[in-house]
Amino acid sequence: MSNTFGKLFRVTSFGESHGIAVGCVVDGCPAGLELSEEDIQKDLDKRKPGTGLAGTTRKESDKIKILSGVFEGKTTGTPITLITYNEDQKSKDYSNIKDVFRPGHADFTYDAKYKGNRDYRGGGRSSARETLARVAAGAIAKKILAKEGITISGFVKEIAGITCENYSQKDIDRIYTTELRMPDKDAEEKAEEKIKEIIMAKDSVGGIVEVIAKGVPVGLGEPVYEKLSGEIAGALMGINAAKGVEIGSGFSCAKMTGSKHNDLMQTENKKISFLTNHAGGILGGISTGEDIVARIAFKPLASIAKEQKTITKDIKNTKIEIKGRHDICVCPRAVPVAEAMLAIVLVNALMEFKARE
Amino acid sequence: MSNTFGKLFRVTSFGESHGIAVGCVVDGCPAGLELSEEDIQKDLDKRKPGTGLAGTTRKESDKIKILSGVFEGKTTGTPITLITYNEDQKSKDYSNIKDVFRPGHADFTYDAKYKGNRDYRGGGRSSARETLARVAAGAIAKKILAKEGITISGFVKEIAGITCENYSQKDIDRIYTTELRMPDKDAEEKAEEKIKEIIMAKDSVGGIVEVIAKGVPVGLGEPVYEKLSGEIAGALMGINAAKGVEIGSGFSCAKMTGSKHNDLMQTENKKISFLTNHAGGILGGISTGEDIVARIAFKPLASIAKEQKTITKDIKNTKIEIKGRHDICVCPRAVPVAEAMLAIVLVNALMEFKARE
Amino acid sequence: MSNTFGKLFRVTSFGESHGIAVGCVVDGCPAGLELSEEDIQKDLDKRKPGTGLAGTTRKESDKIKILSGVFEGKTTGTPITLITYNEDQKSKDYSNIKDVFRPGHADFTYDAKYKGNRDYRGGGRSSARETLARVAAGAIAKKILAKEGITISGFVKEIAGITCENYSQKDIDRIYTTELRMPDKDAEEKAEEKIKEIIMAKDSVGGIVEVIAKGVPVGLGEPVYEKLSGEIAGALMGINAAKGVEIGSGFSCAKMTGSKHNDLMQTENKKISFLTNHAGGILGGISTGEDIVARIAFKPLASIAKEQKTITKDIKNTKIEIKGRHDICVCPRAVPVAEAMLAIVLVNALMEFKARE
Amino acid sequence: MSNTFGKLFRVTSFGESHGIAVGCVVDGCPAGLELSEEDIQKDLDKRKPGTGLAGTTRKESDKIKILSGVFEGKTTGTPITLITYNEDQKSKDYSNIKDVFRPGHADFTYDAKYKGNRDYRGGGRSSARETLARVAAGAIAKKILAKEGITISGFVKEIAGITCENYSQKDIDRIYTTELRMPDKDAEEKAEEKIKEIIMAKDSVGGIVEVIAKGVPVGLGEPVYEKLSGEIAGALMGINAAKGVEIGSGFSCAKMTGSKHNDLMQTENKKISFLTNHAGGILGGISTGEDIVARIAFKPLASIAKEQKTITKDIKNTKIEIKGRHDICVCPRAVPVAEAMLAIVLVNALMEFKARE
């Protein structure tokens, strides 16, 4: 369903960038889970714009409010409504983007699909601001997973061709204290230099985000059309600006041989382990018990200050320079979003598994 | 749903590799579509094993039968059941794979998930033989799309690191007359050489398949959680052995700048066109009218004749050499499967679009 | 899905009786529909408590707000969020219903299902207050149907055994100007007398509501498991306090013969008509083009001032007298709710029909 | 979905009355359930035509075959395909029903909906023969429920106005040894007399079927839009020829007062019980632990030998006498179908409950 995600743990998202509010209804959360606005705020703050290198300069406090489904500090099993009222709705002049389709944006496709009915202010529904609903819902999903010993983490693997090579799980764990969400300090410094150049050039860059789930039990995921891999790929590719998704070895598998790619199994004291994890924790669509590892390629942000050719709503050739607040690279802010989507997929898989126990 | 795919045009697949039959029920097909067993057989024959270089040597005629939903040569709007009775169920000795988990296969995960209840013969339900149900259903989807001017094609882009570079749409159109489903003759020859080496080494290889949809109208796909990109990614990653999916520029977008990546628009005589198609035909989850282009990375086939370490069902260390019929590379036979999945996603998107007209 | 209704036009409802807000997210509404808060308020006002005979005395203004999905007076195809903030949340003493299960209410079952996590204030999520979300969503559904010439009406057919016999469509059309929503003035007067007696006896009564859809084209409804009759029955039985649903002849069909029950067809000038409508507008799960007629039996309101035996939350025998604001008969206020549910079912059937055109 | 029923335990039905086969795919059954063709055949035989009083004279052996999903006597968690090949497809003359719409049948609506594409032979897809798929799937559902201590039974409550009044659970348990599936011997004798008269009059009759679920734990069913009552009503109203559904007190509740209708609770030794069960085992959409009791009103069979007015496919007035094999009353054969639908609803509710444990 277009604005609902999940079968048993379901998120229905709503709201436009510059409308009254953005939020979601989370349905299917078990009763008795301790849940406060702080629990959700904590995750939401992770997607807030940074100090400016790669982030927008929009100053939203994004204060989440719980409107339903929680009573005396615990979930009641009824729908949890999470809402953020938009503060920063300055009635600025949108005539620019109202009548002109911004290259690389969804302006043209929304306009065509919805027959010209479109809240163009800040991109409306197609704005990445919608992802706060995902992060908010994901915070609940993560709490459910944590009770089963499953943890989710994410980080920026690559920006502008600069890739993190040297880092530990510890570096990943402290990722939200960094500016670019890169666990490799050297890479981060180089990326910052690169980003400065790109800002000077009035341009933007793409990158890669990696998400990892640890502690996933063997057996999650349904075979054939609800493979865990398929569900994850669908969820991650559904994040704004994603152009590619891979699991485990990913695209590099295309050049490998079977004898290298196959993850051999061994046992010691009845404990089963895999010698490698090219599978990224999933075999035949079902979790293996190893870490689930997925990566998403994000395109460079479409909004750039450089002049670009485009057309107007009434189909005339024109040019546009996009000014004002916007990101240079989506990756740092996409990390908590990717974590959230992975968490929601896993909660659903876990519930589906339990349903047939 | 685990064995049902699609919301409005729905495919429910069933059957095991060495059971009585494999097939599917296609629900939601409009009435009045001319449909014969030949229409479906034609596509099914595309996934048949080839002469041996990259294909298995299993000799199945895979004759499809229509059990319901078609009357006097036309669909009636009721469920269409497509079935292939398994001919080649030789009661061979399966003790090898019955008690030992084949590396890179779903044996271990199925066994764990289903508590030891598993039809191990030929991989049972996890066998790629299930994909014939997808191809059969996809043949119907393609017929529906064709009436709207939408056509689907696919080919092998890369095998063992050898990539097709020089080819035209004409080469793609005659792809099923080639051995490796590669449109670039030079690349195919090199790949054949490489495959021979790999066979000698008792090994297997991965590769990349590309699928393209032409003639897709602007406006298909739902925003946010049913983005056309997300649906396609989920569908393609759900094909056996897929480890990565990308759309348009895909992973290469991570290294690009916005000024290069943005597809500029222009108009001439009120016709709208894009100067490039890095978007792969989708912006904001909605089709742009340009070709939809997706690629899938397939891992090397897990079954190799080389000796590999693994464990037994009762958790003891052992070794295995997988003999008998199996492929070297999944890509050639995956082409019609990928085409089918793309077709089914697009039919669903088309119907969802019409629903709100 | 438990708090989402509909496949293509989807309503996700949220909120508790005495929480912060009650509302819903409507997803799948076509773009370009003129929609204002007044359009929805008009229907909401129909379910407001009356002057007291059969209605609760709660004084809520139930002002609806549109939080998203509408721009410049028209729907944009994105989720429409409708919300009513609860005004009347007086922090009264709920110790009575907090610890004691009210007979005929969902207190016991919610408490068991949700392991004691329950917003008991005013019944929480199980309160009929949730139905305002349905009416609000139904107002949008009705607007979509109206564009296709489909109209919905409803009325109270029977209260406390007093049945409406003499009335015309005109009487039904002005139903919201009456006190008891009964189109037969004589019956209404008798029912009012009866209700006064029941109030004196500190008791409550049941009744029957009828809903009618006119102008439904032939062919809506899917055969087998999504029969229009099944969808309507499921939707109407899902209204609080419903114990029975019937379509057309309904339960009276059990005593009829086929020669009486069969609705014979005839044609004049190529126009097709049925001589009777025992089918209630549905044959084989598909609309016939005749009026769709359905009736719902509602049980007497569970909250009565009479002393009743019951048990406490910690499982001890006790007695309860339920004081304060509550209805005597659910039927008058259930009329707009039943209309709304029928409208939502029909919009979904209409969209599903169009999807395959 | 039109030919798929259920969310977690899903039945996809296919086939036409006089096509090649009728059957279903059952998806979501847990692995490890012992299952044989005999298990299913046993239930299927319950819907076989009787000796002729109320049943059709069609002589089908309805032999079920399991095509997939069962290995070495146990379910494997993969889709279970159940199929019955139609034996009795005599190529008789259908010109009568091919061109003329039978009154009370779905001929007209199918023809309109599917634009004239219709397998008219024996009613095609709209034939009650489809219900064998439901009974077959229900047999699996019952086995799952039995493991949790839940049992389902059903019987004919009323035929032609003659109602069963005196009977015990024992009488219900031996219901399939009776001719009319009536547990009250006196009533059955009277009904048989009545049926003889109706046969003489070339007519048919309606009736009422009751189904009961015992041993259902407290807490099944989702509130609001997936109320257990709503799910049951939708499922039962979706059975061919159903015109009404009621739960517990049903339509009689409309004339009752709250003090009579409310089921008071009491406790003894910490055991909770209800003094009455007007609720029919469901409060607020959630099971109470008491018996779930539902009744379905079935219209008289539409096929009667009496001459009836109707129209032809090319819209001309005509008359029809329906000859050949058909039932007089649907109720006896509908009993196992109603049991099956209730079982499938409960398995789904049970799985949904477990999902959030």
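Here the chain labels run A, B, C and D in written order, and each chain numbers its own residues starting at 1.
Just so it is clear, contacts are C-beta pairs under 8 Å (C-beta built on N, C-alpha and C of every residue); 3 or more make two chains touch, one makes a residue touch a chain.
Note that the structure is predicted; figures quoted are calculated from it, not measured.
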Point to revise | Both-way neighbours, i.e. chains that touch chain D and touch chain A | key: B, C
Point to revise | Centroid comparison with chain A (C-alpha atoms), farthest chain | key: D
Point to revise | Separation of chain C from chain D, taking each centre as the mean of its C-alpha atoms, in whole Å | key: 26
Practice item. Go ahead and note the Å separation of the Cα centroids belonging to chain A and chain C. Key: 39
Revision key, fill the gap. Flagged in chain A as touching 2+ other chains are 1-4, 7, 13, 28, 31, 77-78, 113, 125, 223
Review point. Across the complex, what residues on chain D touch chain B?
Key: 1-4, 7, 10, 12-16, 19-23, 25, 27-28, 31-32, 65, 67-69, 71, 74-81, 83, 113-119, 124-125
Study note, to complete from the structure: Note: in the complex, chain B contacts chain A through residues 1-5, 11, 13, 101, 103-106, 108-110, 112-113, 125-126, 130, 158, 160-161, 198, 201, 203-208, 218-219, 222-227, 229-238, 240, 242-267, 270, 272, 275, 278-280, 282-288, 297-304, 306, 308-311, 315-317, 353
Exercise for review: Name, in rising order, each residue of chain D that touches chain A in their complex.
Suggested key: 7-8, 28, 30-31, 77-78, 223, 351-352, 354-357
